[in-house]
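Shared between the two complexes below is chain A, which has chain B as its partner in the first and chain C in the second.
Our next item is the complex of A and B:
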């Protein structure tokens, strides 16, 4: 069988675009996990709420960019509220209780969206409609823009964590919670802020990804599952690892989609997860512990 | 046996007997709808009870019980569709074999991980089976699922009767009660004690010399087997198998039933299932079918996680496990 080079190139581009979005979702998830040992089951629903708020603001204002910014801000506030109301009382309890609490939140948000917006998928109009020719396809520039914007947001997060004053607080809290507290860092508020940042990133990816698929109440489920796989494969709480894993898994799924239906291509990422758990349970993209 | 043990045993079995009598006579008293509803509570309760072996006794939260439940369901469907005339015991056998195989597979991989990682892995595994069942349309019927006729109740060669609403209820009740007694016996056995010691302190259990991984695998398989049994019962009651029941929301509901009713009590999850389903039915009767009942139930669930982590039967946990 001849190797379909054109298809491989197209799927590479597709894989990188989805990979960047997935990296944006997963880095929020892994940030939250890394700093407070909370597995946020409601992350996919924050993604979905972000997309819905994007739809509503876009209809009202007509500008995609206003929709993006407002959606990020409102979902970040929602995330902060969620953290204060449900996760703060659980600090110091078994980390498994946080899974239960965030699972409860995900049910509430999902059913709220279904109730409020109905089962019919909404559409977000992409802000730029230009296309370029890639072999026999008219490939939309917007997809490349998504990848670039996701990379920019993740890069911004990295710089903030590395050099920003509050970013240093966040890293200090990750390293040693008690010591950070002793140095006068308001640890509970750092937690809230991290949760808000993670939620805002999920919302940004929701709005950016909205134009590619319809926006509906169940869209979060797919993503949260993929993001979990990415976070485990990349090494829990490891930002760089999750980004690498997101692109790696999206590329594999894109290549698999050449040969089987996209619904079945998902199994590839499951297999990657199983192999990772078998041979490197600490994650594929982390240095081997000495 | 001390006097207090004896008193406890008398009180326990009296309470058990009263509840059993109530459940046995229920079909004569309740109208058709509620009779069916009660049978359904028992089936969901069995699913939640199987999950309690992991959550309450071994300290592992499984978000993958829908896979075991679903495979039990599809296993029963396979037996009922392929073998003519449909045979109840064969359906049970196929369902249990199906869920046991899945449980072996899941247990092998997921027990290498702890806590949160275990929860995520079981969730991902259940989604693997969901995708397979959803896309393998020729065999599983895909999105539409499979429908079949209900087998007859009977012992081969001796007598057979068709299921009526009452006999179906009694059959389900008998299976659930037997499962409860078996699981209760297991949790009080040396094996169950080791599971509880893994929950309390895993490194110490390992240090004493117990092969912790093997015990965890056994626990997952045991739990999966009973979840599969619940799947078979559900298939027999509703005469269909659908991929929706393999989706992880079912696993999530099993966890909710556990937390609401009280983990580590075995009967708590059944009470939780009853509480959840009655609330759901009540809410949709008061506010109409379109009412998003999961919003108030989700709020109740979160409030219980925060303020009442032992669940409704938490106060009786010690007494029930004595």
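Our next item is the complex of A and C:
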């Protein structure tokens, strides 16, 4: 069988686009886990709420960009409120309680969306509709824009964490919560801020991804499942690892889709997950633990 | 014998402090006083509650009973980050350097706070880099790659970034080479000259007696004895009683 070069190029582009969106969702998730050991089961619902707020603002304002910005801000505030009300009182308790709490929030948000917006999927109109020719395909520029914007947001986060005053606070708190406090860093507020940042990033991916799929109350489920796989494969709490894992898994799935149907290609990510857990449970993209 | 500071000279005063870790009762009513700018030693065998006393003052452990007063205000129950901002610096026994942060970033955790002007920042950094030239050489290196002695210097330098009125210094010379020990000794003197109070937990008795003005002896979670350092000799019966094996 001849190697289908054209298909491989197309699927590479597809894989990178999906990978960047996934990386955006997963980096919020892994950041939250890294700093407060909370597995946020409501992350997919923050993604979904972001998409819905995007729909509402887009209808009201007519501008995709205003919708994106307002959605990120509102979901970040929602995330901050969520953290203060439900997670802050659970600090120091059994981690299981935070799983129950975030899972509870995810159910509430899902059902709120169902009640508010109904079961019919909404559509977000993409801001640019142009296409270019990729072999025999008309490929939408918008997909490349998503990848570029996701990369820009993740790059911004990286620079913030690396050089910003509050970025250093976040990294210090992630490494040693107690010592961070003893150095005058207001750890409870750092936790809230990180939750808000993670929520805002989920919302951004929700709005950006909205035009490719319909916006509905259950859209978070698929994504968060994949994001969890990525976070585990990339090494829990490891930001760079999650980004690498997101692109790696999306590419593998895209290539697999050349040979099997896309629905079957999803199996690839589970295979990677199982192999990772079996042979390198600390994560694929982290330095070998000492 | 009691040369305790007068009330207006008192910086930290703890009285009748009881602390528990879960169900184990660690501190059984500890009382002690540190004056402004005073270096006070806290001696005792392992496991008598010296480190816990420091942690309790720093707010890392909440006392179940007793009072902790800093500059005339009760501070028991306040979160550690507020205490750090009020002028308490903490250098833990295991140093607790942020291992993945560079030396400079470790210092910035204490330096990046509101009210520090650029000129003041530079002054504080210049000061620690003068005392600890090794840290200046390694400012862009990750904290985890430093040697034990360098990590100890970084832990002290990091606390100094807060411009504290008192530093709670937990076994700073533990496991260090003699050359490093004398450097730690020097920095304690420098801090003392600058008017920073120090509550020093140490196993090194000669160093503690030389560096401090007063010493407290702890046993079984209580302060049992209190003396003026210059009146004690290294082989004093008191030392044998509380530290002898």
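One rule holds in what follows: the second predicted complex is superposed on the first by the 290 of 290 C-alpha atoms of A that agree within 3 Å, B and C clash if a C-alpha of one lies under 4 Å from a C-alpha of the other, contacts with A are read in each partner's own complex, and residues count from 1 in each chain.
The definition used in the following text is that a residue touches a chain if its C-beta (ideal position, glycine included) is under 8 Å from a C-beta of that chain, and two chains touch if they have at least 3 such contacts.
No experiment lies behind these values; they were computed from the predicted model shown.
By the touch criterion defined above, A:187 reaches chain C but does not reach chain B. With both structures placed on the common chain, the touch criterion links A:120 to neither chain B nor chain C. Residue contacts after overlaying the shared chain place A:281 against chain B, while chain C stays out of touching range. Of the two partner chains placed by superposition, only chain B is touched by A:95; chain C is not. When the two structures are aligned on the shared chain, A:168 is found in touch with chain C, with no touch to chain B.
Comparing chain B with chain C, the partner in contact with more residues of chain A is B. Across the superposed pair, chain B and chain C touch chain A at no common residue. By the touch criterion given at the top, residues 165, 168-169, 171-172, 175-176, 178-188 of chain A touch chain C in their complex. The part of chain C that touches chain A in the complex is made up of residues 58-60, 79-81, 84-85, 90, 92, 96, 98-101, 105-106, 108-110, 112-113, 158-159, 162.
Of all residues in chain B, only 61, 63, 109, 112-113, 115-117, 119-121, 123-125, 127-128, 131-132, 134-135, 252, 255-256, 259, 290, 292-295, 297-299, 301-302, 305-306, 309 touch chain A in the complex they form. Partner chain B is touched in their complex by these residues of chain A: 37, 39, 86, 89-90, 93, 95-97, 99-101, 103-105, 107-108, 110-112, 114-115, 225, 228-229, 232, 236, 261, 263-264, 266-267, 270, 273-274, 277-278, 281.
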